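What follows is a set of structures to go through.
One chain, subunit A, links the two complexes that follow: it is found with subunit B in the first and with subunit C in the second.
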Partner chain A sequence: MNRRYLKAFLIGISVVAAFVILHYGCQESKDLTAGDEAGRVYVAPGTYDEFYLFTSGGFSGQIGVYGLPSGRMFRVIPVFAQDPEKAWGYSEETKPMFMTSHGFIPWDDAHHPKLSQTDGIADGRWIFINANNTPRIARVDLTTFKTAEIIEIPNSGGNHGSPFLTENTEYVVASTRFSIPIPNKDVPINSFKENFKGTISFIKVDKEGAMNVEFQILVPGFNYDLAHAGKGPSHGWAFFTSYNTEQANTLLEVNASQNDKDFIAAVNWKKAEEYVAQGKFKTFNTSYFRNYFDEKKHMGFSEEKTSVKVLIPEECPGLIYYLPTPKSPHGVDVDPTGEYIAAGGKLASVIVVHSFSKMLKAIENKEFETTIDGIPVLKYESVIGGEVTNPGLGPLHTEFDGNGYGYTSSFISSEIVKWKIGTWEVVDRIPAYYSIGHLCVPGGDTRKPWGKYVIALNKITKDRYLPTGPELTQSAQLIDISGDKMKLLLDFPTIGEPHYAQAIPADILMKNSKKIYPIEENSHPYGIKAEKDARVVREGNVVHVYMSTIRTHFAPDNIEGIKVGDVVYFHITNLEQDWDIPHGFAVKGLQNSELLVMPGATESIMWQPLKEGVYPFYCTDFCSALHQEMSGYIRVSPKGSNVAITYGTGK
Partner chain B sequence: MSNNKSNWLKNSIYILLIVISTLALVTACGGDSNENDTSNQNQTLKTNPSGLSDWELENGFGPVKKKLNLGPIDKTMAAEGEKIFESKCASCHKLDERYTGPAQRNVLQRVTPEFFMNTVLNPDENLEKHPHSKEMLAQYMTKMTNQNVNLKDARTLLEYFRVLNEELVNKNKSNK
Partner chain C sequence: MGDESPPIYIQVLFNMKTQSKIIIIAASLILIISFFFPIWYIDLEAPQYPEGIGLEIWLNKITGQKPHDLNNINGLNHYIGMKEIIPDAIPELKIMPFIIIFLIAFGLISGISGKRSLVYIWIVLFFVIAAVGMYDFYMWEYDYGHNLNPHAAIKIPGMAYQPPLIGSKMLLNFNAISMPHIGSWILVASVILAVIALIIDMKIKKKEEANA
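The block that comes next holds the complex of A and B.
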C-alpha cells in the first residue's frame, strides 16, 4: 500500500515537474538553448531582431542594414552609388543628388556611418555617412531609410575623417585625408611642404537635418585621418588624428612612417564659434554643392555654393592644439565619460589614452613643446592618461561597453583586445577572422553604450565561406561581450567593404518607420492624385506621360502618337496607400533603369525610342494575383508621321 | 475487498494523473489565447453556420462596431466623399461597370452602411474572415487594397454613396 502511494506520489511529482518545465520552457523558448551559440543568434521566423546594424558599404558606396543578433540583411540603402533597382541616380528626381563641383559623380567609397545623437545618445533620427573619394557627407532619413541630403566638402582632398558628430548633432565634422593646395591650383607635386594644406570642417545640422558648411580651419599639410567629438565634460571639443606629419608626397609607407609621434588635433569648436561670430574668418571663394530630397515633392534639388568661412589658427589663439601621439595614429575614440581619448597608433606598441582634464591643465600652464603654424604642441607627458601595453599589433579603433572597458581592434595580429579603463590592463582577447579594421559595440562611441555585443568588421575572409572565384564575400563577426570572456557567435557576409558600423535598439527606429507617402501630400509637379487625371501631353518633341498605378493596371495602358526622336518622360504615381505595395515600371528598350515607385510617390524616368514599332511595358514588382496582366503598349511611329496622341485604359 | 478498494484507489489516482498531465500539456504551450475583447462578448457569440456572429455577418469586421445613426443626407459631406472616391477608390472601382473591382453605384443595396465602412477601413481582415469578402475576392481575383482612409473620410464616402443610392431608389420609383 505505502509503496503504491509512494509510487503514485513520485509519478505525481514528475507530472508536476513536466508541467513546470513545459510551461516555462515554452514561454521562454529562447532560453532552452542558452549557452549555445546557435541559440544566441537564432531569431525565430516571424520574430524581430533586437538591434539594427548599419554597415558602411565601402566601395559599393551604400549602407547595408542588418538585424542583430541574426546577421540577416534587410536592405541596401543607396547613397553615393547609382542603384538601378531603386532608380537611384537614374530617375529624374534622384539625379540632382549626385551633383558635385566635378559634375555628376555616379559612385563613391563610403566609410563611416554615424547615427545622430541627442545628449550624447543615438536618437535614431538620421544616419550620416562620408564619401571618401569626392568629399561629401550624406544624411539618411531613418523613417524612410532613404538618402535625404548630400553635401560636398570644399577645400578637401579626400573625406576620410568624417562624419563624426557632436553630442547633440550640432555639427558633423570632417577632415581632409589628403592635403592639397588650397585653393587648389597647378603646382609641382614636390612643392608639397610649401603649397599643400589640410582643412578641418564643421558642418552645421539644423533641426530638420539640413546641412551647411559653417566654417573650416586651415591646418598644416598633414594627412588627417579620423575623428571623434568630445562628450560630457569634453563637449565643445573635437579630436582629429593625423599622420604623415613628415609631409611626404611619395612612397608614404616608408616616408610617412619616420616620426616617432604624429598628432591628435584637439579643436575647441565653441571657441571657433566665437571667432566666427566676431568675424575673424577669411572668406574663401570655391564651389561645392548641396543636394537634398523633398519628401513632399518627391524630388531632389541641387544648389551650388560659392564661398566658405575659413579660420586661420595663427589668428585664432586657443582654437586648436596638437597632442603628440605615437605612431601614425588612426582611430581616435572618446570614452563614455568624455575624459579619455584613446588613439590607435597603427605602428605603435601601446594604445595611448590621453586625459582631457590633463589636457586642459597643460593648456592652462602652457606646457608646450613647440608651435607649428600657430598651433601649440602640448607635452606628451602632460596629457597622457595611460598606456595599454601589449594591445596586439596594429591597434586601430576602440569602442566602449559602458561598464568600464574598452575594446580595441588590432589589425596586424587580427584580434580584439579588451582592456580596463583606469588600470589600463588587458583582461581578454579574441581572434578575428581575418584582419579586423573597425569594430562596433551598439552605442559604443556614445555616452551610454547598450553593450551586449561587439561586431568585428573584417578586411579579409579567405577560407571562412564557400569560395566564389578570386573575389570573396566581405564579412562581419558577432561576438558576445556580456560575460567576462568574449565569445564568437556568428560570421555573416556584408556588402562592399564594411569599414565602420553602428547599431541601435530596434524599438527606437521601428516605431517611426514610415509605411506610405500620403497621396494627398504629394506635390510632385508631374504627379497625379486620381486615375482620371492620367494623361499624355506633347510639348514639341518632349512627351510627358502622367501615369498612375494600382493593383492591377496602369492608366493609361495604351498610348499612341509617340514618334522616333521624341524624348518621353514617364511620370509614374503609385496611387496605392497600402504598406509594402510598390509598383515597378519598365518599357522595352528603356536606356535607363526601372522605376520602383513607393505607395503615394511619383517618380519619372526618361526614354528615347530609337525605332518605330510597338513597345510593351509592365510592372516589375510582383504586386497581386493579376500582376502578369499589369502591362500596356506604346505605339512608336516614324519621325514626322501624323499619328495623334491618344491614350486610355479599358477602352 | 481491501484489494479491490486499493485497485480502485490506484486506478482513480492514475486517471487523475492522466487528466492532470493532459491538462498540463494542453495548457503549457497555449501562449496566444488572450483575445479577450470583452466589449464584444455579446456580439461574438457564434450564432450562425459561418462561425461569425450575426453582427459580424451583417456588418463585417472593423472599427464600426454598432449601428450608425445616419440622419438626413448631408450633401456637403457627400461632395467631400466624392473627392475621396476619385483619389482613393476610382482607380479600381467605376460606378456602373466592372473594373478592377465591382461596380459601386448600388453598393448600399448589397451591403449595410456599417459593412461598407468596415470594408473600406479594414479590407485585410474582412478578406481573411468574411464570407462575402472572400466570395468577392474569388470573383475579382485582386485583393481590395487598404487605401489608408481614415474614419472621417470613410464616413464622407458613405454619404456620397447614400446620395447615389437615393438617386437609384427615386429612379426606380418613377419607373414604376
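The block that comes next holds the complex of A and C.
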C-alpha cells in the first residue's frame, strides 16, 4: 500500500515538475530572441547605420536623431525648447526664434516630424515639426541639423494636426486641435456652439524653404486631430480627422465620445488656390510671427505678420467635404497609391478605409447625407473602400510597406496589426511594450516606402529597462517586416516622448551634411574674419567684445575696463575651418548659457557682471591638447571707475 | 655617303627625321599639362583625421588637398613651433613656372630646328633642373622641420619634423607620406618621350644606312 502511494506520489511530482518546466520553459522562449536578431541590429564600430531616424521629443520640444538598425542616438536637435548646451534660445542670435504673438515662449510640445518630399518621396532637404501648445511649425535644415525657421499659426487653438506635406512640399498643412473663438475674444466658454470655430491652414513653402501662411479655411468648431495630404491621383487633396463633432466644451472624454461617426475633412487645395486667386477670401487681422535663421549672418530674425487670408466654405463650393468616419478618428493615412485613406478610429471596432475614387464619384453624384455650415457630408456607404475587422483595440495610425500591406498601431491592445490592402484581412500581429502611439515604416507615408522595418513608438515602458525612479524612459522598438511574420529586433530608449518618427536612408543625407561654415561667408555684424580684428568697444554702458577662437586661445584673452553695471556682449567667432572643432565659451557668473560655436560661426551671449573682481573665462569644448590652457581673464572695476578699456592676447 | 656611319659626336650635329621632330614638339607641349596638376603631395595620416589632410605642391603654389587643409596644417604646426607655410613668401613658386616655360620653349626650338645636339642639351638641362629642384625641396623641408620656434608648446628633445623627400615617416601622431603627383609624372613622360625620339631617329637612320 505504501509503495503504491509512493509510486502515485512520484508520478504526481514528475507530472507537476513537467508542467513547471514546460511553463517556465515556454515563458523563456517567449522572451528570448531567436538568435540572429542581435546580428541584425549590430552595426560594427566605425561603420554606419542604414537609416537616420528622426523622433519627436514630445514634451521635450526637440527632435532626436538615431541610427537604424542600431538604435544609437547621435544628436538632439533643439527646436521649440531652450537648450543651454547649444545656447539655443539663450544666445542673442537664437532668441528671435522663440518669438510669438504671446512673447518669448521657451518651450513647446513637438509631435510630428515630417521629411520634405519631392514627387511624394522624402528628399532629405528639411524636416518639419509642429508645436502643439502655442501653434507653430518649425523647419530644420538637414545639411546643418539646425532649426532654420519657426512660423506661428494664427487662429489656431492648438497645432496637433500638422505638419503634413503635399507631394512636392508645396504646402505644409495644419489643423487646430482645439476650436476657439476666431478671432479670439472674451466669451463664455459654454457659448462653444455659437462662437467657437476651427481652422485648417495651408502654409506655402518656397524653394529656399521659407514658409508663409498662404490661406486658412474656417471650419465648424470641432477638434481637428491629424492630417495627411493626398498623393498620386489624390494629389491636390488633403485629409483631416476631426472628433468632438458633439461640440462639447467640458468632460470631453464622455461628451465628445457620443457620436457614432465623426468626420474626415477632405480639402481640395487646388480649388482653394483658385478661390484665393479669384479673391474669394476674407482678410482677418491677427498677429503671428515668422522667425528665421540666416545662415550667412549666423543670426535669427523675427517678423510680425498682421493679416491672413481666410476662405469660408459656404462661399466656396467644392472646397471641402466631410467623410463620416467612426469613431473619434485619430490618424488619417493615405496609402502609397494615393487611392486609400485609412482612418484610425480610436474608439472604433474596425479600421475604416475610404476610397478616393469612390469619394470623387460620390461628390460628382452629390451623394450627400446633409450639409454642415456649407460643407457637404458624403454618404458613408458611398465613400467606404473597405473595413479591416478585428484590428485590435484603439487603432490609431497606419503606415505602409509598399508591398501592399498596412501596419496599424493599436494603443489599447498594445500591438501592431498587419493587414492587406484590398482584402482587408489581418495577416499578422505583434505586441508592443507598451501602449504604442504612432509607428514608423521608413518612407511609410510616402509614395515609395523603403520598408524593411516598422518602429513602434511607445508611451509606457514599465519593466522594460532598469528603473530610474517614478519617471521612466519612453521607447522605440525596432521590428523586422521583411518576412511574412513581424519580428522584434531591438528596444531602445528615446528622448522625451516619441509621438511620431520618420526615417530616411542615410546616404540621402550624409552626402549633404555640412562640415564647417566657410569663414569668408560669415556676414555676422559682430563677427570677425581674423584674429587681428579682435577688439573691445564701449558704447555707453554697453560693451561689445569681438572675440575670436582658434586652437588654442581666445583673442583677446585679457580684458580690462569693464565696470559693474555694464552690459557685456561677447561675440565669439570660431575661426577654425576644420571638421568637428567647435569651441565653447563661458565666463564665471554668466547669467546665460554657455556658447558652443561651430567652425566659421559667430555667436553672442550677454553678461551683466554684478560685482567687481577678476573673472576667468574658458573654452567649454575639449578642443585640443592644450584645451585646458584655452582661457582668459576679465577685470571688472567698480561703477564709475576710470580703468580704461584695454585688451590683448600674448602681450 | 661612305660605307661607315660617322662617329656619334658627329651624328649629334645632324638633323633629326620628321617623326622624331614631332615627338620632341609633343614632349615639349605636354609640359603645359604640368601647370594644371600638383607636382608633389604630402599626405598626413592621423587618427583624428579619418577624412585625410595634406598638402599639394604645384609649380606656382602650395594648397591644401581640401579647401582648408593648409590653414589647418599651419594651425597644427604651431604646437610644435614649425613656421607657417605662406605660399606667397616662397620664391621657388615664382621661379618654377618660368623654368618650365623655358623648358617648353627650348624643347620647341630643338624640335622645330631638328638639331639632335639641342635635344641632348635639353635632356641634360632637364636632369640638372630636376636635381636642383629636389635639392631645393629637401632644403625647404629641412628648414621647416628643423627651424623651430623655441617657445613652442610641444618640445621633444632631438625631434625634428622634416617630412621625407619621398616615402613615409612618422612625425609624432602623423604619418607623413611624400610622393610625386601627376605634374612630376608629366615631366618624366616628357623626358622619356625625348629619349624615345632620339632612339627612333637613330634606328631610322641605321635602317636607311643598311638599305643604302
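Operating definition for what follows: the second predicted complex is superposed on the first by the 616 of 651 C-alpha atoms of A that agree within 3 Å, B and C clash if a C-alpha of one lies under 4 Å from a C-alpha of the other, contacts with A are read in each partner's own complex, and residues count from 1 in each chain.
Rule of thumb we're sticking to: a residue touches a chain if its C-beta (ideal position, glycine included) is under 8 Å from a C-beta of that chain, and two chains touch if they have at least 3 such contacts.
Remember, predicted model here, so these are calculated numbers, not experimental data.
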item	value
Touched partner set for A:427, first subunit B, second subunit C, both or neither	neither
Partner chain in contact with A:542 - subunit B first, subunit C second, else both or neither	neither
Which of subunit B and subunit C A:551 touches, first, second, both or neither	both
First, second, both or neither for A:610, with subunit B first and subunit C second	neither
Comparison of subunit B and subunit C by subunit A residues contacted	B
Which of subunit B and subunit C A:532 touches, first, second, both or neither	first
Touching partner for A:650 - first (subunit B), second (subunit C), both, neither	first
Touching partner for A:578 - first (subunit B), second (subunit C), both, neither	both
Subunit B and subunit C contact sites that coincide on subunit A, given as residue numbers	516, 550-551, 576-579, 624-626
Subunit C-facing residues of subunit A, complex	516, 550-551, 576-579, 624-626
Subunit A contact footprint on subunit C (complex, rising order)	51, 67-68, 71-72, 75, 79, 153-154
Subunit A partner contacts - residues on subunit B that touch it in the complex	6, 10, 13-14, 17, 20-21, 24-25, 27-29, 31, 86-88, 90-92, 99-100, 141-143, 145-149
Residues on subunit A engaged by subunit B in the complex (per definition of touch)	1, 4, 8, 11-12, 15-16, 18-19, 22-23, 25-27, 516, 518-520, 529-532, 548, 550-553, 555, 575-579, 581, 624-626, 650
